[in-house]
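We just call them A, B, C and D in the order they show up, numbering each chain from 1.
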């Protein structure tokens, strides 16, 4: 089966395909080993060239890669004994949000995340990771559980945005998002947000107002999708690549602005190429930040959190 | 137009009709005045006889009298500058609940009530005073406003019960009621509940868990409607009259149990016969109880409230 | 319920007929299967004692407040029976004093306070004694710093205690609220068939996590009352555990055989803090 | 907008054509009627200054933080225009420094802090300066113990400020949250046409009471985005003030002529305490 590839990386994927075949041959016939070595070197060089310094748009593509680990993969890898919260106890169970309580290492945590599907069928039930109001209200419940049990609140974010639909508007999408933002900013426990893929606008910030925001290297976080931006600026969605440049939406941009606390590096070519490595790095990063946050008084945490969000962008004429 | 009457009071209504006519005649021809006097005396005697000592079932009938002042009549009469809260900001606007903030005398209060219609058309939009989950969630919002503004929370209750329907179950009727009960019991402001008509089961207690419960003389408050009880006991709704006896659901029963703080007397034959008088009495009663509650520390209020609800029915073998 | 109607006489000691799928079940299998039909997965009702045996570690459950027994507060009587007679009849039938048992025990090694309803005692209805036992269970869990597991099976409030019964909704919600405010241990409800009315609309639905048995009827109003009100047939599966799960009102639907494990995981929250 | 298209030349100084009902309006009547079409009741947009004049008692409004003006934090430019050029163009067009005016004034005698958006300045979009002015308005209301009235007219966050603009949702919600926790005065939002995106999904919808002008478009996502997503025509009246009122998301829909009165009643809450 042909693996998924973007245009700019077709050559690499092709060579890797060849490498796999040659490797098979080499296992039977040692004379192929030289070819293996050569192919490996070629691929390594090509990867450095193609993947070494991705454009913002290429990072957006990585963040959307169909094989990229999804939020529930992170939760499965990092959280033990996960007890799910199913719905908002008001209206519905939104599958675009995975939420519950579990153990991170030996430490109890409350967790919410926007979860995409891995195929079309899954994406239909998960709305491509776009939550409805009931999804955000499920997050409100889990925030209450975090306060109730005095355990840290962790979010994993990978969403193109909140779902723009009729039912979502009828049931107060904006109201739900605002409530989430407010509640998370005032939450009486330490909070940590990890943007693992797409950090799409209001749908992302709803559960990203944490003490510290971490981002994977190829994740993006933006006020508007590159396509939406291009559509407004030039009435042409195809100019998304240019829009991705001007929006300054990459992890390193956001880190340089002081908005993102830490960028977690990915394997060359995107973290779907080595999920276990990224799980390990994310685990280490979460552990470090939780360790640092957990020794602080909650009063200090709130003061620092509030000071941080109060001063964002305070540069005026 | 023929006025509404129950069987047991037909004679009175008839005589009153005659009195109105004779009064008209008397205004033109003074010779009728004697007849007026006589009719008045007759009616007075009959009222004492018929209305003087109503059975529980007759009180239930009074509480459901179509001309009985509705909750919004009480709110209109007692609350100035009423600012309505329209819905739950989650799903819908439930017209069976009237809620908002206003002035009682010079004092700000938050108010919720279950409101019936005065005719079939109104009753359709108000579901005969039977609230949906969104109605109870509107009450939760208003409770939050009461705490936010540190003003007392007042409820007026006149409902056959919470709406037993498909949508109500789908959206968690029981969850909404439980949340209301819990929140009201823990509300950080003084609370007062006035049962003005029907106090129907879970639909009533949802907003009746107050520091003090007041009841109009002919109101009832019961775990189940007399019809429902008769249906369970004897598979015969028509034996509701007997059920009304065994359920001990009248204001005076509940007062004797120590559950109802005060019974507000009604004019003979039901308060619809003199709405202004009942508004006046309810106003005086609310004023007195609010005055008494408002001088207490909120800590004391909660302690007394919790002690009260903790000990209810604590007589065991 | 399971019965042996239409079962061949010679075999009737060995076989039962499932009232749900109408198929024959081998009796021994039915009981080994914890009273779940092995063919259609219908979960038959358990008594409180059966439930305790199934859920709690062997011999770990110690009852508390066992002595509490209801009195007739209203002087409730119908021409057919007084409330005291009704109580005595149910006590004799079930061997219980009231419609719930409360106590302390272990589930897969995790210590907790348990409230276990018995539907066979007056439909698991909540009167003053049930309300008081629930309240005391929360207080016990709070003071002993233990999690609380409530296993509900109830038609709602107990009509025969009138307003006192309704008021148990307030009492139990008050204590559930106190537990959630003052304890950091978990409060879990396991809703079994049926959980309706005043029990659902008070402490039961206030739990941190809500688990239900497959197929359990869970709702505020009874299906017949709703049908009468809306004058329409109810949708298939209406008010079942699965229906509520789909709508985000409960968190898990867990088959009987996995309950101890699932509950023990949930009540492990905060146990080591 | 109102225009004089298709109006007979001789008369064009006297008449306007309503873009909603397509009927002719006598110009003087239109302005006397506070830019509401007397025929179809369509509420035309007001500038921030017009809104202030209409809402606040004559001469009572004193602007605060008037000096704040945006800088280009991202180096945002397209081949057509830099952000700084966009800002200058909008400043010249509107005579405003930014998309909202904040200040202190009286509404029917009730003193309050006001936040008034101007849709004519970059679609009332919320960048860092708007966010900061909103935040300072809440702080001012808190420290002066005054109620706060926010009049919104906004397409949402300001794209040209990228993530900094998105973060204003957090900043303004933080302050709205602080106000609601620490003040006992009222916080009211008046939503005018349109109130969408990041402004609606932050402080605007967190108000104690939400009032809207008739017909105002209010929603999270824009109608065209939704239409594209759901691949269907939107229902008539979708996302209007009336639509949201029906669904319990806002509390009142009040015609322009009655706004001062209604708002003054709401912000009277707690004023004398």
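Here is the rule we use: a contact is a pair of C-beta atoms (placed from the backbone, for glycine too) under 8 Å apart; a residue touches a chain by one contact, two chains touch by 3 or more.
Bear in mind that the values here come from a model prediction, so they are computed numbers and not experimental data.
Under the contact definition, chain B and chain C share the contacting chains A.
Two chain pairs, A-D and B-D, are compared here, and A-D has more C-beta pairs in contact (counted per touch definition above).
With centres computed as the average of Cα coordinates, no chain lies farther from chain D than C. For the pair chain A and chain D, the distance between mean C-alpha positions equals 33 Å. Per-chain CA centroids place chain A at a distance of 54 Å from chain B. The distance from the centre of chain B to the centre of chain D, with each centre set as the mean of the Cα atoms, comes to 42 Å.
The set of chain C residues touching two or more other chains comprises 205, 247, 249. For chain B, the set of residues that touch two or more other chains comprises 89-91, 171-172, 175. Per the contact rule defined earlier, chains pair up in contact as A-B, A-C, A-D, B-C, B-D.
Residues 81, 83-94, 101, 108, 134, 138, 145, 148-151 of chain B are the ones touching chain D in the complex.
Those residues of chain B that touch chain C in the complex are listed here as 162-166, 168-175, 177-179, 181-182, 185-186, 201-202, 205-206, 209, 221-224, 228-229, 232-234, 242, 246-249, 253-254, 257, 259, 306, 309-310, 312-317.
Put simply, chain C touches chain B in their complex at residues 68-71, 73-74, 76-78, 80, 127-129, 131-132, 135, 157-159, 161-171, 173-178, 181, 196-198, 200-206, 219-222, 225-226, 229-230, 232, 234-235, 238-239, 247, 249. Those residues of chain B lying in contact with chain A across their complex are 89-91, 133, 137, 171-172, 175. Of all the residues in chain D, the ones that touch chain B in their complex are 180, 184, 186, 205, 208-209, 245-252, 265-266, 268-270, 273.
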